[in-house]
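You will see subunit A twice below: alongside subunit B first, and alongside subunit C after that.
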Partner chain A sequence: MTITRSLVPIAGLATGLFAGWVVFPTVLYTTVDQPVQFNHAAHTGNGAGMSCQDCHALGQDGRFAGIPGIHQCAECHEEPIGSSENERRFVEEYVQQNREVPWLVYARQPDNAYFPHVVHVHKAKLACETCHGKHGSSSGLRPYEMNRISGYSRDIWGSSIAGIKSQAWDGMKMDDCISCHSVHNNDRACIDCHK
Partner chain B sequence: MRTVTTARSRYGMVIDLDRCTGCGSCTVACSVENNIPPGTENVTERTGITWMRVYEADDGKSFPDTHSVFVPIMCQQCGNETPCMSVCPQNAVEVDPATGIVGQIPERCLGCRYCMAACPYHARYFNWWDPKWPAGMEAAMNPDVAPRMRGVVEKCNFCQSRLHTARERAASTGRTAIDPADYVPACVEACPQRAITFGDLDDSDSFVAALAAGDRAFRFLSRIGTEPKVWYLSSREWVRNLSDRVVARTRKENVRG
Partner chain C sequence: MQVTRRGLLKFAGASAAGILFSPLPWKLLDDIAIWTQTGPWIPKVPRGPLTTAFSTCALCPGGCAVEARCAGGIPYAMRAAVRHTAGRGALCPVGMTGHHLAYHPLRLSGASVIRRTSDQVETDSLSTQEAFDRILGALNTRPLATGVAVIDQRPGRTLSGQFRAFLAQQSPGYYIVPDDDRLRMHEAFSNACGKDGLSLGFDIERTATLLTIGTPVFDGWTRPARTAALLDRRHDARNPLKLIHADPRRTRTSVLADQWLPIAPGSETALVLGLTNIVMRDHPSLAARYVADLHTSDRRGMLDVLSLFTPGIVAKRTGIPVDTLEKVGSALAHRKPSMVIAGGDAAGPIDRDTHQAVAALNILLGSYGTPGGLLHRDELPMPATKMAAISTIGDVPDGSISLLIIDGEEMTCSTCWESIESKLSPDGHLVVSTSPFLTQLSAHADIVLPSPAPYETAAEVVGDPTDTVVSLSISTPLLPRKQGSVEPIELLNHLSGESVAMQELLKQRIALVHARGRGMIAGYQDGSGHRLSEFASADEIWSAFIEGAVWTSPPLHETPAHSYTLLGHSPNIVDRWAARAEGEPNGNGADGQVILLPTASSDAASCGRISPLMTKIYQESEVRPTRAHLVLHPDTGRRCGVDDGDQAVVQTESGSRHVTIRFSASLMPGVAQLSIGPDPNVSGKKSEFAGSDVFRNTLSRSPMAGVTAIVRRA
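So, the complex of A and B:
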């Protein structure tokens, strides 16, 4: 009797912890697959030999081109180059129909946040990896996880539900921007990062 | 809380009331630039949003001796005891120490409208509804400015998104300071009378600093000591005398909403 009684709070605590740390994160995020599998490694370096700048250009006026449009892919992919089913589908459904691929951007910030690549890449001389991890040398795309409440990508909060950062690029909340800025003694006003 | 004492530049504006014809181009250009949708049918003067609003005042004489003046009013970017900032319970208003611009952060705003009551210039506007654009107009929205939602306050910020762009341009060519020609607010650009001048008040070589120091220059409600960074010019004494009065009347046609 006393044993079962003392088990109740323990079982309750265990259920609570399980719900909070295991169930909640799974329920909080919904997983969506990218429309096409893109292989960065096949296009850069020893692959097709392109540089990041070839596809993710920083223009003369400092504007960041973002993800390249389909016309840029068409330069090589009018017809499939390899034999993969993924590439065949990509060529038929997008390139040949001149349709943009609706990529899901892992790093996408909310509308009201302003982030200038040129300042971080040219002026602060930060590597892409600092904020994007190994994405530039990856050979496939992981599923995109979307927060069901805010609609934001999971990469904004980071992989740990407790907010513990394992890598510099794991999580890019306002606090993460500001903690790097304070290391660089770069105190910004609200309106510098908000629009 | 930050103060403006460390300002590296101090952006300001000078509006020549002897040139202003009250055409309203500034209001339209501002709304387009800053994603302010046209007012719906049921908006009133009180509930409509125009970051830049053209008021009309006259010298009180009757026809045919009467003279009138048009006065475009937007956030006057107060540099001292900034009233909206000091009352905001949310820290959603901040004077940027590097530029002197009074920033309003709508995502932080809780919609209490205390700042609107505190603003001596009626330059703050509340979103009573979610913004709605007429069909097709959404495609022409400015991607550099985030639209605001229902329940928050907004106001002029000297087109800060254009400052962002100017800084990107400077960074891409390795400059630390922006080229003043790259940062011109939309109203300044749109004014057909060239009545509005914009620039750094602390830069003694700037045109704006010279105008603000001239004899024709005055600021509204200067007696309350908020040190606005928007100056007005007129060689008419009765117009300059308006500065310590509240502009009494608005002209309906010039007020959208």
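So, the complex of A and C:
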């Protein structure tokens, strides 16, 4: 009886830990599939040999174009290339109907954060992988994990629910920006990012 | 196994402890905190094409050119337009957040009646037509011998001309402008030169030695581009600037100047006259050139009074050593061009006698009318109509105003509510404000007719008043005008029974500029600008203005006067100057007594509301001292019985204020500094004005003279 009684708090502790470490992350994030699959690897490197900036271009005025519009995809994909179901659907549902793909952007920042790509890419000479990881060599798009409370992508917080970074690109919160700026001895004012 | 209440409690407690050792509570807090930034009340940047628009910042008279980055046609970021001559790529932090003001929480959504309760300022809405009718009723039924007044915080605009034309038809009608240092400087030079209507600018770009008397040249006195250029010139090998700043207060300019003269409070006149004495003694050629032409009586009086300001006496009065005074006098005489600037601080104007002494020293130094000194500014053309005379609040008889319209929301010391209140008729009055925000002077009004927020309407910007170059530009609208806002011209139309559109009036003024054919028009693509003759019509200039161009006109080449009256025809000025040779000692902290000096920020923040983002930065960083902090030397503080961080009360003969003590060893003993002016931390609350009368009696004195105050622990 004594042993059983002493197990009660241990069981409670274990339940709390299980709820916090296992149940909570599962409940917190909901996964949504991208509207259509996209193979970065087929376009870059040994695939079509394109660079990141061929599609995610920086304009002459330094403005980042973000995800390319459907007209840019249509330059090559006016007709399906290959016979995959994904390709057929992409061309028929989006390219031929001139309809933009409602991509779910893993790295989308809150509206109150202003991030100039041009300064980081051209001036600081940061590689795309520094913040976006190996996204450019992925063969498919993983499901978008959306935080049910904040509505943001899990990529903003990082893969570890505890907030422990495994890679430089794992997490895109303000703390991550600040720590990188501190490492490069480039402390900035609030107004630089919050316009 | 039996489930007991104790067992359940143990299980729940342990579960809670387990959760505490998991990321759940911390992640939950972090995610919920984001709701404060994503709530429905937070303005959202629309999704849409990214574009660039150009305009002019109208938050202060500086008129810096801005480049707005827009999403879906709505600006989300502001920065300086790099190649534009207006601003030359510089913009202050307040200007960078100017597009936030349309969403300011204290913005009024329509015509409002103001109610002042014990601790809040509240509003009742009424229709614009009802507000117009009440104001018209007050105009038509006002008691005999009482008049109508307009306080114009931004004189020189086309709208200012309309106000003056309207007031010229009233009997009496008072057109009131802030009683600032610029006005007093012009008075002093007009007195000395015998010329009326002078308009002078400071050619600081070419000055080699600059003595500033309390002028915050490095902190918002002029537009950011000029400030930055001035800061750079301190280290310029070819064209170096030596800035000597005299001020009993520790300000940013004191810190950044090449030399700070921490003069005793109220000793600025003695300093100027002492330096005049040194210049005349050591540089007889200067004295001969200018003094020989003086009227005999004037010359005798000047020399007599200067004999009272020997370096020894001035050193005793100001607390500045004799050899330092000699060196400053020598620098002014030798490192030419040199110039002396007095005042310009938002804490209040310097007294007229000091301005007269500064004008005399500038004339002796040859600074008046020469490059690197004070140059005559061109005048902005104004349509010729009968206009009310320009006056200051001090010119208006007490109890004589029954209808007061306050245009703009700035509350400088010279137009603070205490100075206005006594001018209102005790038999009934109506105060109308056109501020878009419920704050500062608008909180004292009876009715507020909110004008459009910055960038919601085409606002005229008449340029930096300290510059020798006169400019005119239009702050092009970047945002849709909010429903319920009222252009001040609409109110004037209703009162005068006319129907004129602001845009037509602006076009008329631009036509006058075009007809004169003087100056240049510079746009965003071509910073060098084009001559007016290159524009075939005024409509072409208007089109350029709408795209963000600015008209500039260089200083006039007027021949300086040959004869001066350094005493400025001012009755008894010799006696008043002589009295400045001896002064009151600083407070020594005994019995808690100190000399209390007001400080105020002179940048765009003092001209009105600032973005909540800037409020947060100010609060967290203490970049700007708030009204809640009393700064004093540690020794003075200990003698007053207070310590750093203590809550205290500062009491003057006119009021008291609760403050938090801040020690600063760089402040001179016996004085204390207290910030005045708008306090964003308490905006919209009646406490914004609590304790604002501690400086009421400084209005007739220089802010550098201060007032005697007692500091005690709360």
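Following the convention adopted for this analysis, the second predicted complex is superposed on the first by the 195 of 195 C-alpha atoms of A that agree within 3 Å, B and C clash if a C-alpha of one lies under 4 Å from a C-alpha of the other, contacts with A are read in each partner's own complex, and residues count from 1 in each chain.
FYI, a residue touches a chain if its C-beta (ideal position, glycine included) is under 8 Å from a C-beta of that chain, and two chains touch if they have at least 3 such contacts.
Since we're looking at a predicted model, the values are computed, not measured.
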> Given the superposition on subunit A, are subunit B and subunit C in a clash or a fit?
Replying inline: clash
> If you stack the two complexes on chain A, which partner ends up touching A:112: first (subunit B), second (subunit C), both, or neither?
Replying inline: both
>> Going by the contact rule set out at the top, does A:93 touch subunit B (first), subunit C (second), both, or neither?
In response: neither
> Touching A:28 in the superposition: subunit B (first), subunit C (second), both, neither?
Replying inline: second
>> Comparing subunit B against subunit C, which has contacts with more of the residues in subunit A?
In response: C
> Taking the superposition as given, does A:175 touch the first partner, subunit B, the second, subunit C, both, or neither?
Replying inline: neither
> With the two structures laid over each other on chain A, which partner does A:58 touch: subunit B (first), subunit C (second), both, or neither?
Replying inline: first
> Thinking of the overlay built on chain A, is A:123 touched by subunit B (first), by subunit C (second), by both, or by neither?
Replying inline: first
>> Just checking: does A:10 make contact with subunit B only, subunit C only, both, or neither of them? Give me first, second, both or neither.
In response: second
>> Contact-wise, after the overlay, does A:194 reach subunit B, subunit C, both or neither (first, second, both, neither)?
In response: both
> So, A:152: does it touch subunit B (first), subunit C (second), both, or neither?
Replying inline: second
> Between 39-47, 291-299 or 561-569, which run of subunit C pushes into subunit B after the superposition?
Replying inline: 39-47
> Residues on subunit A in contact with subunit B in one complex and with subunit C in the other?
Replying inline: 61, 63, 111-112, 114, 189-191, 194-195
>> List the residues on subunit C that touch subunit A in their complex, please.
In response: 1, 7, 10-24, 27-28, 30-32, 34-35, 37-38, 42, 44-45, 50, 52, 76-78, 93, 96-97, 613, 616-617
> In the complex of these two chains, what residues of subunit B are touching subunit A?
Replying inline: 2, 94, 96-99, 101, 103, 105-108, 144-147, 157, 160-161, 164-165, 167-172, 174
> In the complex formed with subunit B, which residues of subunit A make contact?
Replying inline: 58-63, 111-112, 114, 116, 118-119, 122-123, 189-192, 194-195
> What does subunit A use to touch subunit C in their complex?
Replying inline: 4-5, 8-21, 24-25, 28, 61, 63, 110-112, 114, 147, 149-152, 157, 161-163, 189-191, 194-195
